[in-house]
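The same chain A turns up in both complexes below, where it pairs with chain B and then with chain C.
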Partner chain A sequence: MQSKIQLNQTQKRHNQWLDNTIKYLLMGFAILSSSFIFIIAGVIMVKGVTPFITNNGGLGRVNLADFLTGTTWLIGESFNSNLYAIGFLIISTLFIAFLSLLISFPVGVLTALFIAKIAPKKLAETLRTVVEMLASIPSIIYGLFGAGIILKIVYDLSTLIGFQSKGGNSILSSVLVLAIMTIPTIASISEVAIRSVDKSIEHGSLALGASKTQTHFKVVLTSAKSGIFTSAILGIGRVLGEATAVSLVAGGRRSGINFNILDTTSTLTTMMLEGMKETTGLDYDIRFSVGIVLMVVILITNFTLNYIKRKVGNVDVK
Partner chain B sequence: MLNSRKKKDLILQSITYFASFISLFVLISILLFVFLNGFKLLNMDLITHNFESTSYIADLKDFTGPGDFTIDKDFNDNTYYSSKWGIALTDDENLMGHTIVLVTYVHPESPFKDLRNKGVATQDLSLGIDYEIIRIAFNDGPSALSIQGAQNMIHVLDTKTTFRELEYSTSGGGIRGSIITTLYLIGLTLLIALPIGVGAALYLNEYAPKNRFTKALRNLIETLTGVPSIIYGLMGLALFVPITISLTKATGANLISGALTLAVILMPVIIRTTEESLKVVPDDYRQASLALGGNKTQTTFKIVLPSAFSGILTATLLAIGRIIGESAALVFAVGTAIKDDVSIFDKSTSLSVHIWAMMTDEPANIELSTTIAIIILVIVLSMNLSIKLISKRLLRKYGVTHE
Partner chain C sequence: MRKILAVLALALSFSLAACTSGSSFDDSKNITVYTRDTTSGTRAGFMDGIGFAAAATSDDVLVEGFVIKDNTGIMTSMGTDEYGIGYVSLSSLNNTIKGLSYEGVAPTVANVLNNTYGLKRPFMWMTRDAGDYESTEIEQLVNAFVAFLGTSDAADIINNNGAIALDTTVTWDSIKAQHPITARNNANVTVRFGGSDSIQKVAQALTQAFSAKAGNFVAEHDHTGSGDAYKRTQTIGLSDPVSKHVAFASRYFKDTEKVGVAESAMGQLAWDAIVAIVHKNNPITNITAAQLKAIYDGTYSKWSDVVSE
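Our next item is the complex of A and B:
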């Protein structure tokens, strides 16, 4: 009897020890995965600040103000200069993001409305699958599609109006590629928002004599606007961060702010991808600086949009 | 109802129809573009061949003279066989679209089986099936070139008793190396990301107390999803590449650093998907296990985790899809060198980056790119459909109906 109790106790202690070990091990995994956001920020900060505070192997420090506002990007090592400026890249990145959202936002939201409320059940199911498939297509294939089809269309279009475009590589091509990439993101998230609109709001509108379409556009969309705004924020995040697909259609512009939508352009991300031959030196480090700027641009955009989202106000939908 | 309102409603409705059919149109045109352009290059050769072709200039070794290699075999109409030399040639197009003369058959005793590398190294060579013959030069008379076609080459060869040199190249343009790299990446990434991700999900759902610390952990993991992949690539370049260089024999960006980077990208996806399926495991299961005397560890790993199997499977499929599709991060973390001999300690390139590398090359190779795109699309879309099926089955299993 005595020994049995003792056995039970050691068993219990062992169990407790095991449970705790496993618990702390799993906790370690959780902490590890959540700490990566700090690791990313730290690593990129350390690397990205180097060009501004060191001598860059005789090229001299990069001037931060010029870097942020200038309009020329020279490949530093080959031109033996420290002249890197990304002001024009920031502007063209935001310009492209804005234009592509101008296309993808209405199309995405209307698609969501159609799938959630208007379409017959079979058609809605099909279109939902279409949107899901579009969302799962890797961005490089969108880029390939852009390079194979959209470039040709844009080139023909610009020839038609008498503009000599560089093989179609242009703002317009980038905008179109990014727009069709973001439509599924916006559509799927907006759809969830539209579905979660309280039925009683809808019924109220119908009871007051509004037609079904009126209800959908005036009541459902406004009630879901917080969720719809979230979809726009995620969409613009995708646009700003997309790299390889845009790099295939942007054309690679190295200087000057350009608002002509048929002319070549560059974004922060495409510039980071360009000329990945170097492994040390200023040319290498400066990519991290561009990375910091990209993150800051994304954060500021998100913050602004979130602010607008709050200003626009919330209709209470749970 | 007022007439004008009816009209207005109709217009509004039709723009929603129009907008949703844009998505359909885009999907159809992407699929059409990819399949129409890429389908003609899609065959087994593409998948099994190396990308780089090697050219050799060879001459005959221990030459005794042409013999009689008459065989009882039928060839296609545009295949020509020389019974004097024991070799069959055909006209073909290579993956780049150039006309070539291809070896379709070599007799086992043919003199072409016994060649010597003409040049510095004394290396034994042997002509094999699917090699491209570029030219055959003779001591007496003009060379037979591949642009003149297979028939001419066989005809010239039949009139000669020896040749001075033979220039040929092994078949290239295939994507074997990139496929192997992609498979390695999938394997390595899952090996790293699955245990950590599933472990973190188990902690968050089964162990973590409801306090601010847990909430902070969740928020931080959630924040990771908003980071663009090119930033992950930079992190891989600055953090994982140096680590792998110092710990392994790697000298630059390598497959391990790429897999680590991908693992970080996939972590939030795996954690969230696993957690979703842990949440639907009924609490009764846990209580029953504990009541029967199982300890917490047994309950978690023997009861809860197996019930979440479909969630983990979904996470794995999602992860594989992302790994195959990822490009920007891998440009930095693995490099863009298209390799045939894949080593996990070396630079290499996955299928997506292969597309990117070829499209940024001058001139861009759209044909081969779309062929690779077909492979990627088929894999990614079929994974997506299976995820749909799995999650439907999971919901049915626990009696949770849709909506």
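Our next item is the complex of A and C:
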């Protein structure tokens, strides 16, 4: 008996020790993974603020107000000038994001509705796989597709309507590439939202004599609107952050705000990417500043959209 | 189904439209100017070559509305844009686009080597003065490396990395006996290479191949620009860690850089040629430096301006 109690106690102590070890080990992992955000933000902040507070190796400080409002990326020689400005890039980035969402949102949501509610089971399975595969294609592939196919189509299209586009490098091409990229994101998240709509709401609608299509559009979609809105937020996040694909089709505009969808453009991300590997000094650091601005733009956009989402409200969803 | 058909019909009509408009070149159209970004070595070589050096690192002297693309981007754009003009390194040239003759000379490797094709830049090397090394091993290795640069073994590596090697028939096997140092084990010897970053890729491939032939010496690469080739081999003492034993420049050495440098301590290893390219439908086959400058600074805005010359 005595020995049995003792054994139990050792067992207990051992278990406690194991529990604690695992607890602290996992806590360590959790702290490590969550601290990356601070490390990344810290590095970007330090690098990105440098151009505004130091002398930049004799070039002088970059003026923050001019930087945020100007309409020419760089006046003067690279490496010998501090007159950087990105005001026009902020506007064109938001403009492109808005336009591409205008295409990808309806297409994505309606695809989701079809997969979730209308398609026969076999077809739905196939389509879901296709959409998921589309979501996992690397963005550079979308970029190459854009450079090889979309640029040609846009170039020929502009010729048809009598506009000489610059080899198809344009807002329209960027918007098309980005729209194709975001459709799978929007479709797969919307589909989950549509599926989770309570069956009883649907049945109620059908029982009242509404047709299937009426039910789908007026009941299912409105009930799932919160989840659908989330898909739009994630979609716009992808659009704002995409660099490689856009830089292949945007044309690299260096100055001026442009709303002509057949003319060249640039976004915050493409400007950061261009010439990155061969640059040094201020020209390198200023790309981190653009990065900060990009993060702020994304944050503001997300907060706004989340605010609208709360206003839109929620209906009884499982 | 109807949607798919509509999309197919639309795509078909676009490709048909492309076919019909492809046959005639309308020279009253605007020229679309393509360029690399300001950090590109090819851009610097091109702009210097056509006498528009100010545009090498500055965008605001260029024509309004130019398009910035990388090397592949310019190639694919010239396949699409009938009215575009761009430039690439000769090694990228292929038959999907049209490479223009420069000042009447066709862009071929032979014309670059016989010095008739003008839009090119030399890849040069410079070493330290004789006796100005930490040890005789390093000096002998550097001399062996310079000898290696003139062999057909090195020429193959240079050509494979996008530059044009000088004509040579000497093989490394035939001269390696003159450099007994390469038969030793040199794993503890470090040779420092530097200079032009445009040549970095070629230089690294060369040292990698040569190290295996020369007792596995360690090649340290730190490429900071052509200007540093002279500075770091000639004016900076060996005690400074940034000093180099061999350095490269992607241009001829300036007269001020040649003062006091022995003839044997510098030379050329390769050429890099740049070609102005246009769409295949473009009727022009030749372009001059003056025309290119006029296009890139915006004096000529329509193709008729170029054709009428």
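What we mean here is this: the second predicted complex is superposed on the first by the 286 of 318 C-alpha atoms of A that agree within 3 Å, B and C clash if a C-alpha of one lies under 4 Å from a C-alpha of the other, contacts with A are read in each partner's own complex, and residues count from 1 in each chain.
Please note the rule applied: a contact is a pair of C-beta atoms (placed from the backbone, for glycine too) under 8 Å apart; a residue touches a chain by one contact, two chains touch by 3 or more.
Given the structure is predicted, the values throughout are model-derived calculations rather than measurements.
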Fit-or-clash call for chain B and chain C when the two complexes are aligned on chain A: clash
First (chain B), second (chain C), both or neither touched by A:Ala243: first
First, second, both or neither for A:Gly251, with chain B first and chain C second: second
First (chain B), second (chain C), both or neither touched by A:Ala147: both
Partner chain in contact with A:Leu74 - chain B first, chain C second, else both or neither: second
Touching partner for A:Thr10 - first (chain B), second (chain C), both, neither: neither
First, second, both or neither for A:Val43, with chain B first and chain C second: first
Chain touching more of chain A, residue-wise (chain B, chain C): B
Which superposed partner A:Lys166 touches (first chain B, second chain C, both, neither): second
Which of chain B and chain C A:Ser200 touches, first, second, both or neither: neither
Residues of chain A that lie at the interface with chain B and also at the interface with chain C: 147-148, 248, 279
Chain B-facing residues of chain A, complex: 15, 18-19, 22-23, 25-27, 29-40, 43-44, 46-47, 106-108, 110-111, 113-115, 118-119, 127, 130-134, 136-145, 147-149, 180, 183-184, 187, 211-214, 216-217, 234, 237-238, 240-244, 247-248, 269, 272-273, 276, 279, 287-288, 291, 294-295, 298, 302
Contacting residues of chain C [partner chain A, same complex]: 11, 14-15, 17-18, 21, 29-30, 32, 34, 37-41, 57-60, 65-69, 72-73, 76-77, 80-81, 83-84, 197
Chain A-facing residues of chain B, complex: 1, 5-6, 8-10, 12-13, 15-20, 22-24, 26-27, 29-30, 33-34, 37, 195-197, 199-200, 202-204, 207-208, 216-218, 220-221, 223-224, 226-232, 234-235, 238-239, 252, 264, 267-268, 271, 295-297, 300, 321, 324-328, 331-332, 335-336, 352-353, 355-356, 359-360, 364, 366, 369-370, 373, 376-377, 380-381, 383-384, 388
Contact footprint of chain C on chain A as seen in their complex: 72-80, 147-148, 151-153, 155-157, 159-160, 164, 166-169, 248, 251-252, 254-255, 263-264, 274-275, 278-279, 283
